[in-house]
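You will see subunit A twice below: alongside subunit B first, and alongside subunit C after that.
After this line comes the complex of A and B, so read on.
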């Protein structure tokens, strides 16, 4: 399970190992990881080996974030409001992987309904970071990131509305890829903010991310925002030829002069980023500095909160405990719903719903919701303009390593580091393809770098990440620092 | 722009049929301080009101029509499989309209 998908596939084809043996190993590791890091909602001990075919994914185990509907298998969204929910259908992305012969061995824990960035609001308790169990895995795809980093399997599904694949990937030292919006059908993914929700994957190599998304993607009649990507073959597009490709970074986010009283951790992280830029130049990438209006950058977290909370408030209105979910007590339907929601939702998402409700009220809509949507367009237009000149945007994933669990909060902060911490949301505003890869270590903990490109240009973005991954030397990084 | 108060927060929560503890209410107020400050800055961007709000990630709307196809509806027992209280083919709920007769 420590190997890349192609290697496992070759071993299966040559009958050096069987799918049953891989599943057995993956399940044994799942139980170990559950004990150590609390990464799963469900472990599928009765997983059966499928037929091994020429398909790269056939017979190889994987994990599914628990906000994907899985037929006949508990699918909770890590929420008490759905703690017993068993869907009668598979999400299209899951169905596509099954059709490629992939075999699911567990459902991974997440911040409730994907609405968090810490991995601490799962109804089964906080997920712990594989490198240091006193730290968070990051969220919301916390369980998937932890399991992949600990070698339970080569990949697990994630979803990304703000940075929910790409930030936990950095905190756990692995690869996290959010494709262009709509490349993978969202049918069966529990909705959070539909205009930004994106299915994706966490892996230990860029090549594996390409193979898995090739199998997950495709136009789906059940998701009208999905689009035809038959002419895109991500895996075959990986040739590592990036000489002359152009990247930019945003000066205001990485210039030390913008941070008063910068912590040692932040200084080290920004130095790490400068080393990454040197590596980019060594492989022939052209990297340039671009200046953007700091007012726009500072507004990103608030714009995201206004828009995502507004959409979530609407999306979650079906969670009443009446047609599905545990019934609340009460004499009237209103009392039943109120008890179900008050007891079932974690404090974080209750707060988010209230914010969403507030910004959607007629009297507040113009100033909050609509202005946030206007700023979304200004930011996206600015970045798209830059993508006419550049192949991608490169930036550090966050301000540093995974924070400690003790005292962690998932709330907006008024801090000059907030734009650096939250800039990955730009990719969700614009639907851009975006990938995080490991870029080194600070205090013996992993940090990551992110590359974001223009819509539908996934192959180019992945190829740049593929070349940089090779140059940086953190490919197939697993907890403990071993890597190929 | 009126100030957001504890009472307003409780009122919006009630509209969503959600109850908040005092601590949860305090946190909402704290986050609103930051959001409001940022939204004030955004409101002051010259010409912001003329920008078309962006409501979707891709400015790509329907460019082809899917074929119609017949699909079986889901079975009633499947639809009810996650419902805790039902009678025959219907979800059971308390009376919504009181019988005053």
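After this line comes the complex of A and C, so read on.
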């Protein structure tokens, strides 16, 4: 299970191993990882081996974030409001993978409904970082990132509204890929903020990410925002030819001079980024520094909070306990709904609902919600303008390594490092394809770098990441630091 | 009504549209007595569902927008109206707040032969909620209605009495029927109205009171009249301050309106653009395509019936009131039947037969083609009107084509020689009556006609019979 998809596929075809053996190994590891890191909501001990075909994914186990609807399998969104909910339909992305012969072995824990970046707000408890169990895995795709990093399987599904695939990937030392908005159908993904929610995948190599998304993607009549990508084959597009491709980074985010009292960790992190830039140049990429208005960059977290909380409070209004979920106590429908929601949601989510309702209120909407929408447009237009010149934006992920679990709070807006911490949200504002790959270690813990490109340019973005991955040498990085 | 005051009325008319599927899901849109039979995961808002968009509903909504002389938006998109209620599975209704399918329109309508113009604020496309059935200590939710396409038409406050309001609503209902956009059947709960009423002594509008969810035009009429009287009575009693900006409901049993809540407590619906349905461009081609499919509307038909076919206003009104009648009428004309004759048949025997049997014209056995068999034979004087009516009933009773009763048995006798023989015999056998007739009892003429009919079993050509009698008497 430590191997890449293609390798596993070859072994299956050559009958060096059977699918049932892979599943057995994966399930055994699942239980180990559950013990160690609390990564799963459900382990599917009765998973059956499908037929092995020419399809790369056939017979190979994988994990599903628990905010994807899975037919006949508990799907909680890591929330008490759905702690007993068993859907009667599969999410389209899951369905597509099943059609490719992939076999799910577990449902992974997440920050409740994807609304968090720590992996600590799951109804089953906090997920622990595979490299150091005193630290967080990052969220919201915490269980998926942990399981992939510990070699439970080559890939697990994630979802990304702000950075929920790409940040835990960095904290766990793996690859996290959020494709262009609408490339993968969202039907059956429990919504957080519909205009930014994106299905995606966590893997240990860029190649695996390409193979999996090739199987997940496609226009779906059930999702009007999905688009036809028949002409795109991500895996076949990986040729490593990146000479002359142009990347830019944002000066204000990575310039040490912008951080007074910078921690040792941050300094090391930014130095790591400078080394990454050198590696880029070594393989023929042109990297340029671009200066953007710091005020605009500082607005990113607030814009994200306004828009995502507003959409979330509406999206989660269906959670009333009347049609599904545990029925609340009460004499009137209002009481029943109120008790279900009061009991079911964690305080963090309630805080976000309050913010979402507040910014949508008639008297506040213009000042907060609509201004946030305008700023989103301005930021996206600015980045799109740059994408006319550049193939992608390259930036470090987060401000360093995974934080400690104790003392960590999911604060909505932080200090002057906030823009560096939250810039991945730009990709969600614009629907841009965005991929995080491991870029090195600080204090023996992994850190990552992110590449974001223009909409529909996924193949190009992945190819650049593929070439850089090779050059950086952290491909198939697993906990403990051993890598190919 | 006290003439000192002018009432001002605005209407919101919700009408369920006719379509194969619901507006944002693929579940069937049909009336069903079996609860929760026409539903999908989308209608029940299971986690992860996304809306689809029924483009036929969008086209029909645009069609209505065009008919109401509204401005159409450049793009169709939707908004979420957020509120919690047990009949609203998603916790929000998908509707159109920012860009309705139509704004700033008007519609001309008749009130007792006088043309009035109603101003349309907007018309928008949205989804219906589930329906609730309340029992003594529990309620049941039926999701069949959840997601059914609704058109909500909002007028400006441009009506001044209940007659105007009802005449407008009836005109709109007719348009819905004629265009097949809706069955507009209030018996199936397809039409619901909100009525806004205020009174004033001058040009300044008074306090507006809303009466919500009135489910028939009859009740709209009563609600308006009750509310006007209630407000005037309070004003006259010096208690106008008791008329509050509030929402009331109409109580059918007592014929009164009852306070529900104050407008001050109005819910903030926190509208925002629905992110799951991309903007849908309204192209010139699309508008052209929709314009081309608008059928002849009741008002145009009315003008044609009056001016081209010279029908009476009375007959015209009866025929256009119901699209089935008008379609039947026009089908008959297409078969080259004379308009006035068809109108007489339709507004006379046919409608009274339908009413007596309590059936619709669609269930009526005598199609225009079959009716033609009768009318043609009357026109060429083969049969009399009286005979025609008998054949009409017999044909309906036995479900056999009228022509079967015309060929032999009922053929009118127009053979002059034959009739002359009969008449001469009758005159010879009734000498006393002939003498009396010549002595001045001219009303005995009918007696002789009757005798001829008796002898011929009613088949004698009445015109010819009268001619011969006059000559021979």
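Following the convention adopted for this analysis, the second predicted complex is superposed on the first by the 482 of 484 C-alpha atoms of A that agree within 3 Å, B and C clash if a C-alpha of one lies under 4 Å from a C-alpha of the other, contacts with A are read in each partner's own complex, and residues count from 1 in each chain.
We adopt the following convention: a residue touches a chain if its C-beta (ideal position, glycine included) is under 8 Å from a C-beta of that chain, and two chains touch if they have at least 3 such contacts.
This one's a predicted model, so the numbers in the text were calculated from it and none came from an experiment.
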item: Partner chain(s) touched by A:7 [first = subunit B, second = subunit C, both, neither]; value: neither
item: Winner by number of subunit A residues touched, once subunit B and subunit C are compared; value: B
item: Partner chain in contact with A:69 - subunit B first, subunit C second, else both or neither; value: second
item: Partner chain(s) touched by A:357 [first = subunit B, second = subunit C, both, neither]; value: both
item: First (subunit B), second (subunit C), both or neither touched by A:224; value: both
item: Which of subunit B and subunit C A:236 touches, first, second, both or neither; value: neither
item: Which of subunit B and subunit C A:190 touches, first, second, both or neither; value: second
item: Which superposed partner A:318 touches (first subunit B, second subunit C, both, neither); value: second
item: Partner chain in contact with A:368 - subunit B first, subunit C second, else both or neither; value: first
item: Contacts of A:278 with subunit B and subunit C, given as first, second, both or neither; value: neither
item: Overlap of the subunit B and subunit C footprints on subunit A, listed as residue numbers; value: 85, 88, 195, 221, 224-225, 313, 322-324, 333-334, 337, 357, 361
item: Contact footprint of subunit A on subunit C as seen in their complex; value: 41, 44-53, 80, 82, 84-86, 89-92, 139, 141, 268, 270-272, 275-278
item: In the complex with subunit A, residue positions of subunit B that touch it; value: 1, 4, 8-9, 12-13, 15-21, 23-24, 27-28, 30-35, 37-39, 41-43, 45, 48-49, 51-58, 60, 62, 66, 69, 74, 78, 81-85, 91, 93-94, 96
item: Sites on subunit A touched by subunit B in the complex; value: 84-86, 88, 180-182, 195-196, 221, 224-225, 227, 295, 298-299, 301-303, 305-306, 313, 321-327, 330-334, 336-338, 341-342, 345, 347, 350-351, 353-355, 357-358, 361, 367-368, 370-378, 380, 411-414, 428-431, 455
item: Partner subunit C, residues of subunit A touching it in the complex; value: 68-69, 75, 77, 82, 85, 87-89, 91, 186-191, 194-195, 221-225, 310-311, 313-314, 316-320, 322-324, 333-334, 337, 357, 360-362, 365, 369
